[in-house]
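We call the chains A, B, C, D and E, going by the order they appear; numbering starts again at 1 in every chain.
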């Protein structure tokens, strides 16, 4: 369970998160939508401790992420994250990309790591690209590789930050299908996305961020069908046109 | 009048133009459509002598472009051309971009050149950007500047090569409007474009290129309404969907 | 030929080594002075031309001549047979004895004491060639050639070298000069006296002949002794003849 | 005009000695590169660290190495250091001088290379649970070395060329030193130095070509 | 801090050496740059295959120690050809060629950085090859090339310390002469190093600044 309690965060003068509260239960899929600069990416990077927070707290399975005593490296093994782009390690083959962390962080043997790596890559449909370098992959394939890489650490949670927005339109589908597959398998996920159709299909709940505030949260039917918040409606109508 | 007679052109092994015949009369607007790599850009660069041809000939107002005796620099003054992108001279202001050629090529005085430059820039709606540098302009403004720059040489013909395809959708309109304006003023023009609506509105004739061959040519009603050629229909239906 | 060229051009350009006191050095205004400098001036006077001193490090003497940068060398150049294959040398104009100078902190008292030590000399000189051969023969110790005589004494004074072999005149001048603390002369080096010659291009017989006579005249007129007294000190100037053979 | 008689035989008989000198030259260049790269990585780390003193040390090193002549640096490494009573052999002095120079230039290259690596790379590594050191070692460092490979090759060539400056500190076993010694012996300046020039050219070519082959094997992405 | 025997004449002597360093550098950089531009344009224009001989010669200039180039050319002109050229001339010839070899690369890089379409636009306005080169390529390529060129010029200044082998008394040689006389190696070397640094550092920084500024837009 991920518990976010009244989290505030500023970059210099700019307050990016103005007291966010959100609890994501095991097996739940939450998508976050919202305008550019509303703080979506920042929240994700705070959840796995890549960014410090100013106040409030974030608990992952009961462990406080930003506590001094917490071993963040260990905690991060539980939380997979995939970014918009530049994820791939260009100097490693696809398989090496996936096995690097299991070997270095979990201390797995090469054989064991490769076994898991092949399994995860096959899972996302890249079973035939093991010895290819990322530069030879399409953007969509690179993103799926990044997902496999995160999955190879057997995380309990996956965070996705606009994983399709740097992709050519025809490549978006294959990545979203991979996410759907994960969701159906019961992975606990937080997805930041601009793909409304995807958000509607996959989410248990959809959160709308506006200027550092979670303006509205609810099941997709509510958000897309009968949004309560003025800003949500504005945002959705601007996206739909 | 531009007369293109059985022009052939290869890059190494690849035959890019396989015998093109086309005559463009004064005041006529011809648009060229066709798939990527079909030889459209190549034809334009041959017309103003930027590329040599292998056989056939091209006459502009009766002068053979590729004849040894022809002064191509002089000929090019008659033929304005605007490309897809990277047209602007980034080290010069907008006005200097436009006055450079009149001053250096035609030997105009600075005053005279600037008078013409201001006129043409105002014409394309950039009268307030004279001392700005191109890097500060939007893509659409840059393309309009490139058009003004070509017009400042008082050309008899204008060639446009996909002048809108590198632009954000909302900037396409302003450039197409400028082209329409020119067409209405009676400029003789050859436009390579992917904007079918524009081609239909503006052209006297539309030519469809396919693999180095001019597969079909005719008035827009014929091409868009009742194309004779199988390939033309295929292409148009792929574009429309 | 060269002799005519020099007279016609009105200047005689001499290669002189200027970090080799008392033969060549610089005074406090950094102007060239020394035995070789005066010798060059005398030669120019005899020729009726102006002298131009071109400072030349030891290793660069021959390149400087070959490249036409200088007309002659007045540069304490030993007249080895190997070199005479390339350049034309005159009869000797001076003869050096060589001494062993050591750093105070070492226990070297004779030239044989240099065995197994770090020794050095000025690259490209007679004594350097001798000393390097000696070190090879001993089969121990290290030989280091430096680019200039000054670098050698600097290294000796700093303790980077244990001992050096140099011409007695140079050793005396440097030890007495007091600029290099902590060094002393301990022994003579057992070398044949180092006869040094003026040199020019090999094929310039006219000039070589002229210089041979000039050297002879310097001794005859007493100028040689005078310069010796001025730059080296009291006593007999080195004998320039070899017993039992001409030249 | 050409009244000079070339005596190539005279010079060529010394070729074996010159080739031995070439080995010493390569040895110095190689050692100075290996240590130089290690130091440059360290200097880069210093420059990125928050510690003001380490930063200042690294900065000074880099700027002095890049803004004074190599000959000066080597001369300093021998006669300058000796002023403090530290005596180094010509070999070591030359090695120190070149290594100092290499480290300074390479550190600057490394910094440029680091800038070219997007920081999302570190992020990706960290979010997989790798420690800062682990992500630097397995993700950033390999990419940095790849980007700086060409500059490193150039630096290696320069290191070879810089060995010729060793004569100023009494070095006479490297290629240039040997050539100069032989020149003092025979005065066949042109022939000897022409041969040395050819050897230097071949060495540097071998390095550039070798580097290209290594790069092709190493960097297949 | 230092108790020194250095007199004002010695300082003038050092200043002269510094002047010689700057003179050799200035001459070589000017000639080398002009040659480098010519070579660079030729190489770009006639393509890599036809330019191979030129590339080879320039490559040699970069692959052999300057010391050897100096000694060799000196010996060649003097011994083989028999020209009586002053050392300064030989020094400037060698350094100019050396500069031009690097400069040609910089120029080629600069020209290649000008987008082909921009040059096309110029030519299609009726500009001649020369006008295109002068009005469009030169100003744009300069922006790319200038920072590297500054680096090159400073490199030549530092490398000019080697021209002592052809009897040119530049700064470092002057320093060595004074060390011979005064026996204060550390102090004199520091003065000498400081001189190079004071000239080189600000210019190098300026080059870095230009690079940053121009790469941003």
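Assume a residue touches a chain if its C-beta (ideal position, glycine included) is under 8 Å from a C-beta of that chain, and two chains touch if they have at least 3 such contacts.
Bear in mind that the values here come from a model prediction, so they are computed numbers and not experimental data.
*Asks:* Any chains in contact with both subunit A and subunit B?
*Replies:* Of all the chains present, none is in contact with both subunit A and subunit B.
*Asks:* Removing subunit D only, and moving nothing else, give me the connected sets of chains.
*Replies:* A | B, C, E
*Asks:* Farthest chain from subunit B, going by the mean of C-alpha atoms per chain?
*Replies:* Centroid comparison gives C as the farthest chain from subunit B.
*Asks:* State the chain with the largest centre-to-centre distance from subunit E, centres being mean CA positions.
*Replies:* It is A whose centre lies farthest from that of subunit E.
*Asks:* Tell me the chain pair with the top count of C-beta pairs in contact.
*Replies:* D-E
*Asks:* Whole-Å distance, subunit A centre to subunit E centre, using C-alpha means?
*Replies:* For subunit A versus subunit E, the centre distance works out to 54 Å.
*Asks:* Quick check: how many Å separate the C-alpha centres of subunit B and subunit D?
*Replies:* It comes to 54 Å between the two C-alpha centres.
*Asks:* I'd like the Å distance between the centres of subunit D and subunit E, where a centre is the mean of that chain's Cα atoms.
*Replies:* Once rounded, the distance between the two centres reads 20 Å.
*Asks:* How many angstrom between the C-alpha centroids of subunit D and subunit C?
*Replies:* Here the centre of subunit D sits 37 Å away from the centre of subunit C.
*Asks:* By the touch rule stated above, which residues of subunit C touch at least two different other chains?
*Replies:* Those would be 63, 66, 151, 154.
*Asks:* Could you say which residues in subunit D touch two or more other chains, in rising order?
*Replies:* 3, 79, 82-83, 189-190
*Asks:* Show the residues in subunit A shared as contacts by 2 or more other chains, in ascending order.
*Replies:* none
*Asks:* Would you please name all pairs of chains that touch?
*Replies:* Every touching chain pair, ordered by label, is A-D, B-E, C-D, C-E, D-E.
*Asks:* Across the complex, what residues on subunit A touch subunit D?
*Replies:* Subunit A residues touching subunit D: 45, 48, 50, 73-77, 79-81, 83, 85-87, 89-92, 100-101, 104-105, 133-135, 146, 149-150, 153.
*Asks:* Which positions of subunit E touch subunit B when the two form their complex?
*Replies:* 115, 117-118, 120-128, 131, 135-136, 139-140, 143, 217
*Asks:* In their complex, what parts of subunit D are in touch with subunit C?
*Replies:* Residues of subunit D touching subunit C: 3, 78-79, 82-83, 85, 87-90, 167-172, 177, 180-181, 183-190.
*Asks:* Over in the complex, which subunit E residues touch subunit D? Could you list them?
*Replies:* 60, 62-69, 71-72, 75-76, 79-82, 154, 158-159, 161-162, 172, 179, 185-186, 189, 192-193, 196-197, 200-201, 204
*Asks:* Can you name the residues of subunit D that touch subunit E in the complex?
*Replies:* Where subunit D meets subunit E, its residues are 1-4, 63-64, 66-72, 75-76, 79-80, 82-83, 157, 161-165, 176, 179, 189-190, 193-194, 196-197, 200-201, 204-205.
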